[in-house]
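Presented sequentially are two complexes of chain A, the first with chain B as partner and the second with chain C.
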Partner chain A sequence: MLKYLMAKNEDIPPGSAAVYFGFSAITWFVIGTGLGAFNAAKLAFPDFVTGLEFLSFGHMRQVHVHAVIFGWISMAFGMAMMYITPALGNTRLWSEKLGIWNAFLWNVGLSLGLTVLWFGMTSGREYSDFPWFIDLYIVAFIAVPLGINVWMTIIHRRTQGIYTTNWFFGAATFMLIIVFIVGNLPEYFHLTGLTEAYLTWWFAHNVLGLWITPVAAAIAYYTIPKVTGNPLYSHRIGHLHFWSVVVFYSTPAAHHLMSAPLPEWLKSFASVEGVLILVPAIAFVSNILLTMQGKWNMFVENLEVRFTVTGCLMAIPLNMQGGFQQTRAINWYIHGTGWIVAHAHLALLGFSTFLEAAAVYLGLQTIMKRKLYSLTLGNIHFWLLLIGFTTYWVSMTIAGLIQGAGKIYEVPYIDVVIAEHPYMIARWIGGSLVFTGNCIWLYNMWMTARAGTVVPEGRMPHELAYER
Partner chain B sequence: MSWRFDAPLVTLSDDATTKKNETLWETEMLGGLTEDNNPVPAPVVWLVFLTVMTAFCVTFPLWGQRPTAALYAPYVNSMDKPEVLAAKDDAEAMQRIVAMNKGTSNDALLERHPLTMDDLRLIKDQVKALEAKHVDLRDYTVVGDHVVIANFEGNYRPDGTRIRQQPWWDKGYTIDVFYLSYFFLAVFLMIKRLPPTAWQPRHGHGASH
Partner chain C sequence: MNFREYKIGARFFALALGGSMTITLLMPSFDINNVSATEVAMDKQLWAGAESGFNLDDPFLLGWHKPLKVLLKTDPKTGQPMEPTYAYVYEKGTTFPGGVLHPDNLGGIAKQLSIEKGRIKEASKNVGAVFLVKADEQKHYYIENATATMGWTPEAVEKAAGDENTLHAAAGKTLFVREGCWWCHTLLPEQTQDWQVFGAPPMLGDFNGESPTAFGSDRKAPDLLHVGSRNASKEWMMLHFFNPRLVQPHSIMPRFDYLWGPVDANGKKIDFPKWRAEYNEYREGKRITPPEVPMYARNSEIRSLIDFVLTLK
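Up next, the complex of A and B:
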């Protein structure tokens, strides 16, 4: 892939950037979940790997979070954008070369960023832990080039209309740049106190709300109609979804700070908007599930559809939790507990990961014109991911409720630690299953590239029978 | 791109615009994908309506209020009563204080924000000092061992002081009402510019009537 860095744009085969992004994403997923399992082991077994500062939980947690968000999730998004955006516009990607450079600089920047986090150089702001120079690098060499490629591809489309997925892609790439510039202002100008706290959570909220959630949903709007062959159920619901994400997801950042001395009216405003996050969720889930009409057999038979529908179904508990846990009535109990960690994993490892995994499976097979090497390994990957995630989510939710009770009733901290110990072990087991599944996935996709059955021109990979 | 307003619940586009849209919709293949023109299903409309109602109801500050100095003033004033002073230890003293202050509208709040005798000792002098100044104790919040002016910004009283109490409705909700109204109006205008839902595209064909 690196040979294309210096090639002329017209000499680069279409889809090369997407393949580069796709394999990078899977590799970061393996690394990120490996680090996650390692961190979980440290919580389950406190004597596991001690004495090395750079392997301490405080350092490693940041590396895990950023490897997963900016390596796996965001590069999978990049992969999806590199092949879905031109496909929906009946055209080629505006610049394969820019895409290749984008993926290359993304890997370089992320490696650099994770290295500095590993060695303790951090802003100390959750989710925006990268120091300011990495933030600027991400804007200049990751977000802006990605946005330019997506916007220019949409502008140069050969269709009059723009399909729903591309509304989301175009808007989300723009918002990612804004979120990174504005959300990291405290680092550039040394803003402190409430301003820093608010902007920290404005960043964290909107990375989820204006980047991860809408792009993951946009992918499903492509995957399900493409694989099932059904028309998207309703263009109108697409409008309701898109605009409710823009309006309701961009505003409730203050609900992350319900116990902070922010103006109460701001919390009231944010809290209502927080519940209204259910509006885009209702629109998304209903549109996708109604599109599945007459094709529910594919939920069992087709790997991409199974991943997508599972991710879509996870949007229901995700948004029920997200909508209500931020209200004053509930937040006082679960704030600062493992419940929130469980919720974050439901969003990133559950909902969005399942949708992106489908896009990567479908995209790599389609672009490489190779049928998946092994359906069995694909199925094992799916079930390890689902069982591992569910084990993690359930155990951390219970641990969070225990911590909440301990917090409110002032139970001695060490008693809470002892009470939640079994759930920490379950968390480690769940995370390890996910990591194992991802190693299998990387092998399966590598073998697909090398030895997958060739898909004839004009056919989709899922139209061919599996050979193994 | 002309508008019509004679049947706003059906469509806001004139016949020529609708015809043009239908033709485009039926002939254009977006990377092999197509879209249908189904309405937003009634259960989804009801769910959205229910969500909006719930959003306001569940976030009213009737729940999750911070404890005010007024909430704990009766506890503080009970500390020096003989039956409390006669308790054998702090736990029993606290039980007696709680028992003698039950039966008020603050029962639920007090249950959600329990204190120990040590907590009460830390805030006792601060509450007494505020009582001596004859200020409204509801304007003060108890944060750990500090009794501080609450960060609400209500109306001014005739004496120039500001009401610092959590209202059941504040300007955050007012902003929400306007914000929501604009949103639903904008989405309504947008989707009603589409062809009527009675028409469904026959994908891959020309426009039909």
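Up next, the complex of A and C:
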């Protein structure tokens, strides 16, 4: 891929940027989940690898979070945008060279950012942990070039209308830039106190709500109709989904600070808006599941559909939790417990990851014109991810309920730690399964590029039979 | 983008996102900016300094250019005994906290008193300054620049206090951020049941000038906002940081023995492998007592971290 950095745009084969993004994303996924499993082992066994500052939990935890969010999830989004945006516009990517540079600078910047975080150079603000020079780098060399490529491809499309997926891609890349600039204002202008605390969570909420959730959903809007051959059930519901994300998902930031002394009107407002997140959620899930009408056999038979529909089904408990756990009636019990950790993993490792994994499977096979090397390895990947994640989610939810009970009944804290111990071990096992699955995936994709069956011109990969 | 629908859509999109940001950013900012700093906020920003996360004064979070909190028992000018008072020492070149740099941040009467009675606008980074938190007769708290009002210089105050009465709490907060303590320990007792165990939840004006607030979100360990009031033992803290299992066998906290640095208080090299081997023997029942934890050096990182924890009253 690096040889294309200096090539002329017209000499770069179409889809190269998407392949670069796709393999980078899988590699970051392996790194990110490996770090996650390592950190989980430390919570289960505190003397596992001890006495070294740079292998301590406090130095590694944020590296795991950012490797997964900005490496895996966001680069998988980049892959999806490089591949799906031109496909839906019946055109080529506006600039393949910009895409290649974007992926290259993304990997360089993220490596640099994770290294400084690892050494402890942090802003001390959760989810916006990167120091401000990395934030500026992300805006200038990651978010803006990605946005320009997506917007210009949409503008230069050769279709009349714009399909649902591309509304989301175009809007989410724009909103990511706004969120990154505004959410990091405390670092540029040294804002302090509650302003700083509130903006921290404004950023954390919106980077999930206006970037990760809508783009993941947009991917499903492409994958399911494309692979099943069914048209999208309803564009009207798609409209409802899009507009309610912008209106409802962008407003409840304060519900992350329900126990902080923020103005009460703000917390009440955020809480009500938080329940309204169910509007885009239900619109999305029903739209995708209804699109599956008559093709439910593919949920069993086709890997990409199975990944996507599993992710959509996980959006149901995710949004039921998300809508209600932030109300005062429930939040006082589970705030700050492992329940929230389980919920965050349901959003990123459950819902979102499954949708992106499908897009990366589908996109890489289509662009490289190679059938997936091994169905067996693909199935093993799916089940390791699903079983590993479920183990993680169930154990952390139970641990969270124990912590919540310990909190309100004022149990001495150490008794809570003792009670949680078995669930910490289960969490580590779940995380390790996910990590193992991803190593297998990377191997499978690498072998697909090298030895996958060639897909003939004009055919989709899922129309061919597997050979292994 | 030639469709009329897309032009309308783009305008609605701007309206929706702009409206959302007006309600969630602009409107709360009026409320939050109208809050006056409390005594807690003045104390906290003065001992913690301008910024505990990444900043150009201390890019590697090593505790460079940080203020000191000292307990004065003698007057630094006359040497006469005086009522014990906490003073905040900003040596030359140390950036002042938000409330001093931007008195608007203190808000209302606190701003007025700090400027008029406290003379904080006369403080200069090029000479350094010593600050106090004072109250007038009506119990209105304000920041006083003791360098301007009483002629206390940073050097004289440090000398009068002595090392045993000096707290490196600001450098300690930097370590709290760098070492990721806040991934497990919150600094925010919740407004529901928490105040009975972890102390009073903070008030609206308790954070003015502090950055980062490091509330934490995932409480895998006890809240620390008032930990210095619950446990003020330096010895306990020392054992607990070196190896938490020494004082709490079920703790899952990591060991922070690496913060001791290479040598102990007497300048003797600390033999970590030997300590760990002996500790393992103790754990396996081959020794009756655990090996002794070395006393930390005065300028070690662990000293500032313990000073920070004990400052959280």
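By definition in this document, the second predicted complex is superposed on the first by the 468 of 468 C-alpha atoms of A that agree within 3 Å, B and C clash if a C-alpha of one lies under 4 Å from a C-alpha of the other, contacts with A are read in each partner's own complex, and residues count from 1 in each chain.
The rule is short, and it goes like this: contacts are C-beta pairs under 8 Å (C-beta built on N, C-alpha and C of every residue); 3 or more make two chains touch, one makes a residue touch a chain.
Just so you know, these numbers come straight off a predicted model, no measurement behind them.
In the superposition on chain A, A:Pro231 makes contact with chain B only, while chain C stays out of contact range.
Within the superposed three-chain model, A:Pro261 lies in touch with chain B and with chain C [touch as defined at top].
In the superposed pair of complexes, A:Ser271 makes contact with chain B only, with no contact to chain C. Looking at the shared chain after the overlay, A:Trp332 reaches both chain B and chain C.
Of the two partners chain B and chain C, it is C that touches the larger number of chain A residues. Using the contact criterion defined above for the overlaid structures, shared-chain residue A:Thr159 touches chain B, although it does not reach chain C. Contacts of A:His190 after superposition: chain C is touched, whereas chain B is not reached. With both structures placed on the common chain, the touch criterion links A:Arg125 to chain C but leaves chain B unconnected. Legend: residue contacts after superposition of the two complexes on their common chain; A:Pro456 is shown touching neither chain B nor chain C. Taken together, the two structures place residues 161-162, 243, 247, 251, 261-263, 266, 269-270, 332 of chain A in contact with chain B in one case and with chain C in the other. Of all the residues in chain C, the ones that touch chain A in their complex are 1, 3, 6, 12-13, 16-17, 19-21, 23-25, 27-29, 31-33, 35, 41, 45, 50-54, 59-61, 98, 105, 177-184, 186, 188, 190-194, 196-197, 201-204, 206-222, 244-245, 248, 250-258, 272, 276. Residues 42-43, 46-47, 50-53, 56-59, 61-62, 119-126, 131-132, 155, 161-162, 171, 175, 178, 182, 186-187, 190-200, 202, 243, 246-247, 250-251, 253-254, 256-257, 259-263, 266, 269-270, 332, 335-338, 340-341, 403, 407-408, 410, 413-414, 417-418, 421, 424 of chain A are the ones that touch chain C when the two sit in their complex. On the side of chain B, the complex with chain A involves touching residues 24-25, 28-41, 44, 47-48, 51-52, 54-56, 58-59, 61, 63-65, 112, 151-153, 166, 170-173, 175-176, 179-180, 183, 186-187, 190-191, 194, 197, 201, 203.
Residue ranges on chain A touching chain B, taken from their complex, read 84, 87-90, 159-164, 222, 225-226, 231-240, 243-244, 247-248, 251, 258, 261-276, 278-279, 282-283, 286, 290, 323-324, 327-329, 331-332.
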